[in-house]
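First the structure, in the form of structure tokens, and then the observations on it.
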Amino acid sequence: MSLHIESMRVDLGGNTVLRNVSISLPGGETVAVVGRNGAGKTTLLRSIMGLVKPASGLMLLDGRDLCAEPAHLRAAAGFGYAPEDRVIFPALSVAQNIALPCEVQRVPRREIEQRVEAVLAAMPQLKPMLPRSGAALSGGQGKMVALARALMVGTRFVLLDEPFQGLAPVLARQYGDSLRALRQSHPQLCVVITESNASLLDGVQSLTLFIERGYVATDQQAWPKGHAQSGESE
Amino acid sequence: MNLHLLLLAAVDGLSYASLLFMIALGLTLICGVFGVINVAHGSFYAFGGYSAATVVAWLLPRDASTAVLLLALLGTAVLVGGVLGAALEKGLMRRFQDRDPVLQLLVTFAAFMILENLQRMIWGATPVNAGELASRMGTIELLGVTFMKYQLLMVPGIALVSFAGLQCLLRYSVAGRKLVAVIHHREVATALGIDAARVGLMTFALAGALGAVGGALAVPMTTFVPGVAADMVVTSFAVIATAGLGQITGALIASILIGLARALAIYTFPELEVVMPYLMMVVVLLLRPSGLFTVAAARRI
Amino acid sequence: QTERPAEIKLGMSTFMTGSAAVLGAPAKAAADMWIEDFNAQGGVDGVKLRQTWIDEGQGADKFLTEYRRLAQEPGEKAMLSAISSGYCGALAPVAEDLKVINILWECSSEKVLEGKKYRYVFRTGPNGTLEMVAAVLHLLQVKPDFKTLAVVNQDYAWGRDSWDLFRNTLLALKPDVKIVAEMFPKFGAPDFSAEVTRLQALRPDVVLSTAWGGDLDTFLRQASQRGLLKSSQFVLPLADSSLERLGSAVPPGVLVGFVGDGYFADPEFVNDPKARDFVKKFKEKTGAYPNFAVYHMVQALEALTGAYKKSLQANAGKWPTTEQLASTLRSLEYRGLSRPIRMREDGQAMQGQLYGVTQKRSDYPFPQVGELMFYPAELVAPPVGAISDAWVKTLRPDLVQSKLIQRVGK
Amino acid sequence: MRHSAFILGLGCACAAILAMAWIWPWTRMPVITFLSYGMAALGLSVLMRAGQVSFGHAMYALISGYGAAYTVRAFPGADALAALAAGVLSAVIAGAVVAAFVSRYRGIFFGMLNLGISMVFYSLAGKLYTWTGGTDGLRFDRPRLFGMALDRSGFEWGMMLLALVLAMLCGWAVQRYFRSSAGQIAVAIRSNETRLEYIGLSARAALMEAYVLSSALVGIGGALLALAQGLMTPEGGYWLRSGEYVFIAILGGADHAIGAFLGAAAFELILLVGAAYFTNIWQIVLGVTLLIVIFFAPSGLVGRFRQSRLDKGMEGGKS
Amino acid sequence: MNSAPGDLLLETRGLTLRFGAINAADNIDFTLRQGEHLAVIGANGAGKTTFINICTGYIKPSSGTVLFAGRDITLKGPRQIARLGVGRSFQLPQLFLEHTVQECLQLASVARDRKISRWIPLAQNANGTAVAEMLELVELTPYRNEPAAALPEGRRKLLDVAIALMLEPRLMIMDEPTSGVASEDKHAVMRTIMAALRQRNVTSWFVEHDVDIVLAYATRVAAWIDGRVAADGAPEAVFSDPAIRREVLGER
């Protein structure tokens, strides 16, 4: 029960952003995707979420190819996603923001409440923010709400795009703790975290993927020779 | 201008306001969801009116009862408007959804031209109306003046019911929150499991039905000719801008303001009658730059 | 230009779209029908007519552009334009400039011709002065005692000019009338409920409207639904064309005019072969009885082709120049489907006016006009060169008793 | 070299226009129409570069047209050039006043406000019968042109040449403006006003400037058309006309000043062809054309043009 | 207008702003002197960005005053404050997305020099050398012809800073300049920016969550808690404050 990506290529605006990506994301792991700015981390997550269509390649989950499925079915398949730029709905309260993906899946009210409880247990700082408007959050607060929202539906995969960006150390630490706690409480869950600041990860990950210029590998040596230092144009 | 005339003006104004509101409702909905002013909304109105009038005209010689006529009137409009709205979304808007809003607006403009032409091909250039239906519902005496029951009770009634219904839908239902999410950020809404395309389709169908019902409600009172669409849609632009884009309560209040202002103008400065909606809009926007009601905007910096 | 052309191009305009089309479209149908017949009978000495239509519903700018284009096409041509007084004022100088014969076949604002001295512009039907003076006379005959009057006219040249004429005539003939409301809803207005409310609140003795086409239909329907037609005396000089569509909405007793004297049920013409055949054929073709615009269209075509024929004759079979045609037209006598008409040297036709009162009759599903009165042109037309606005003010109350006014029928 | 090819193309187009007007006299009016629509669309392009679309700009054609019409009526001996100047001046004054108000608004509100204000002008022009001639419009006699009293044909020639010269001058000047720093600041309004303010520039001032320029351009178009017609009607200020201007601007593309004129030529052509061959479906033809353009060439004819040239440039290894 | 190091540059008196129940700024008295490089730290939602927004005129405080170089700027807008010599970069970069990287800087250049022409092309109007230098400084030269919209997040941050720097401000305010910049590049970026600031004698104030960076580049640190300045002083002193260690750094 894991997600296999096979020789996936993604083009954006005429440029190839991800090249020949073949990775698998096994359940129960916390996978860190590290790479510099512009390496393609965000694009990788967006492709997994179906928000960009790969030019070629396969994405297999339980034997079915996700590439062929519309993006909005990912949530039903247990994918939670926290985008890099947060995107909290300003017209809804924080509580409504968090509950929304479950409501969309027609999760029963009681179950939603339970899930909120579970999330709050991992992120107690969120509690006082629940009744506030989604429009009024600071940068870091938005990050946390986005994480919480992803956890609400992410029963199998939680994809977090630079979750530590802009978090104060105190929160980053709590955030790391929450993620670790999550691994305890949901042993089957696969958490994917992209991060340009590997130092912030502080060992939450159990597996690290390196990404550079659209190539993904489990260790930096695996890249095609010399390309990491190569010049500007491909 | 005495109190008597003032009251009469208020009655006229309110019934006009109800109609205006019905038309503005669908427009403001689409504007809220897609951030696009749907110029083709005028065509929903026109098609609704024309087709409802056709069906009523067909039923009339067949001795249909008033209730049947009314149901047919509204039913036809809902059907025609819903289908038209859905077709517009599926056939056109979807293909342009990632484009600049200005281009999307122009797409609706193009759709408007095409529909305007189709309408002329289907119903010709001669005036159409369903006055018989209004006559059948009888009259009512108010302040010494005879009014049509249809105009005084029916239209405002349906407008209020639509208002309440839509308000519930948006405020208290998941569908409403889905809509809000798609409005704000399509991609993230999709990632949260919302079928943005479906939401779009349903919204357009609903807006189309509302616009068409507006037309159907109008056709027993007013005359439909080519060009109604353009005139009506531009007035409802004024309503939704006065209201605050996507604001349903705002649209209600703005319609009433505009309806009253227009009726008053007819009694005092008839020259100003036609400009009233726009003057109202300019005045309101001067005082409140984003309309009577505004949505919370996301923090950007 | 004495070469015989292959065909005569007619640039014709009418409302083909918009609420005015209810009047304009039948006129077009009539013209197409008439021209087909005329061509089948050999045309003008073998030269056929070929018409091109311009839609007046598209706005003055576009109308004028197309008008210019047609008027500048090479070849033998004449223009029959327009139905709306709103356009006539603008196109007359253009026609004059381009030296092309233009027949104002319907528009009736007297201002288009008065004081202008055009050489190429003619009106083959009545103008507003004839229509309005007759309307006032008729009103004063049918309902001599009334105190208050309100007007609901369309807001464009015709609505404004006709009101000026009516008011000035009325005040000259009956100075004690009080005008309680002047309303000018826009041309093509889809809704008159506010006007109806206001009229109900005011309760004037007489309500005048020179509106026509779809606008008049809507106004009358709404007024009728709310009982206004019964509480005030309505005077509708152009309502002939709306009766058939409105059916029972128009009660008996409403004053109706015919913009000229063409009425399909005119007892003096029901057995006139030319009129009878045309009415029958037109009804078969379009499903409706001819309205005044149809009569005017036929008059215009008769006048134009008549002028061609007369000029040809005078020219000994040689094709006439535009100048010759124009001078023939200036003194032409012709007949449409009603009484004969004479063209004056100022390009204005002298056509008498028919007015009556609506009646319910069982032989038609819509109101008929009875108690018909005919007001000959000599009675209601200002002399050549006079300006109507000033002339009507000189009218005296005893005009109502004029011997020239004829009762039509029994 | 590219530049000279462009000039050559422009020259050929002018020659073609002149030849056409010579052979078919009736084409002179359509040429004047297309040039004045082009001018108006150019005005819209100026705004579009700042990310704003006005659905009411036809009001400046209206104001300018009435300005010109009043001038001719009030001073019977007046020259068309003076009337043109008076018309454009009134459009610019109105534009400046309106700009002070609408420059606070962006996006849909900007478009709607312009629409609203234009509808006020339009409705008043149609309502104030005694002053504006109501919906029938204001008629006036043919003015003198370049100090000469001309007959219709001469006048049409004169107006056409005037329109052609003005179009080229305006096109050139506007193109310079597009490239200039002020023009680029206007583009920045569309992408990030916050940043603009934070580098010490006023988005509002930049927008007002663009707005006044656009009202002047639309005004030139409006006055030219009114003078050539000898008639000014409220129709020229209806919102659908404003919509047509936007249509043309999109059709042509806002990347280069020439776009507006290409767009206008295409528009006029579609209309003429539509009126001649698709009498009953010309609106459908227009609508479908618009859709095709938006779908395949969202940045308009010039956008398309330049895109393909850019692609070629890339292959050739540009700097 | 020239001021010596140590002169008062920015001063706030009793700045207060509440959003409903939240104290975003709670009676803040604060000074910044010429030549200082201040790092602002604090938990998320403590009011750091709000404070910047008030000082740069983006929002108005409900009470209190802001003085810049002795002048009351409380009621001035961002534009006027920018012209007085305050540059700002943002937590979420604010770029001219439709312009290329180079054009963004050219726009800033003409804005600084007030050389706004309606006739001369932008590239000619801008100070080409200054733009080129700036591109070099933030290492965006290879990207100069890319549209700003196509830059990845980290480089956007740099461009955002570069635009503000082009104005040659007296005070440079940066809201989390390195968040989102890859850790390998963080120090290098900060080093170049700070070197440029020092060289040009620009006073700076940046919000930063990374303690290493604060320690490396700040001459003074202020810690925000719940809309107040909870600690203010030399970096070592602030970081040894137990309350700060607990509330901001999250040590137990």
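Per-chain numbering from 1; labels A, B, C, D and E assigned in written order.
Keep this in mind: contacts are C-beta pairs under 8 Å (C-beta built on N, C-alpha and C of every residue); 3 or more make two chains touch, one makes a residue touch a chain.
Since this is a predicted model, take the numbers as computed values, not measurements.
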Path length in the contact graph (chain C to chain E, fewest steps): 2
Separation of chain D from chain C in steps, with touching chains one step apart: 1
Identity of the chain that, by mean CA position, is farthest from chain E: C
Two chains joined by the most C-beta pairs in contact, as defined above: B-D
Most distant chain from chain D by Cα centroid: A
Between chain B and chain A, distance of the C-alpha-averaged centres to the nearest whole Å: 42
Chain A and chain C: spacing of chain centres that average the CA atoms, whole Å: 77
Gap in Å, rounded to a whole number, between the CA centres of chain E and chain B: 48
Centroid spacing, where centroids are CA-atom means, of chain B and chain C in whole angstrom: 38
Shared-contact residues (touching 2 or more other chains) in chain E: 49, 90-92, 94
Sites on chain B at which at least two other chains make contact: 120, 274, 300-301
Contacts with 2+ other chains: residues of chain D: 126-127, 194
In the complex with chain E, residue positions of chain D that touch it: 176-177, 179-185, 187-188, 190-192, 194-202, 209
List of chain A residues in touch with chain E within their complex: 13, 35-39, 42, 84-85, 136-141, 143-144, 162, 165-174, 196-200, 232
Chain B-touching residues of chain A, taken from the complex the two chains share: 49-51, 70-76, 79, 81, 83, 87-92, 96, 100-101, 103-106, 133-137, 149, 153
In the complex, chain C residues that touch chain D: 59-61, 64-66, 68-69, 72-73, 85-87, 89-90, 93-94, 97-98, 155-157, 160, 184, 186-187
Residues of chain E that touch chain D when the two form their complex: 56, 77-80, 82-83, 87-88, 90, 94-99, 103, 106-108, 110-112, 115-122, 125-126, 163-164, 166-167
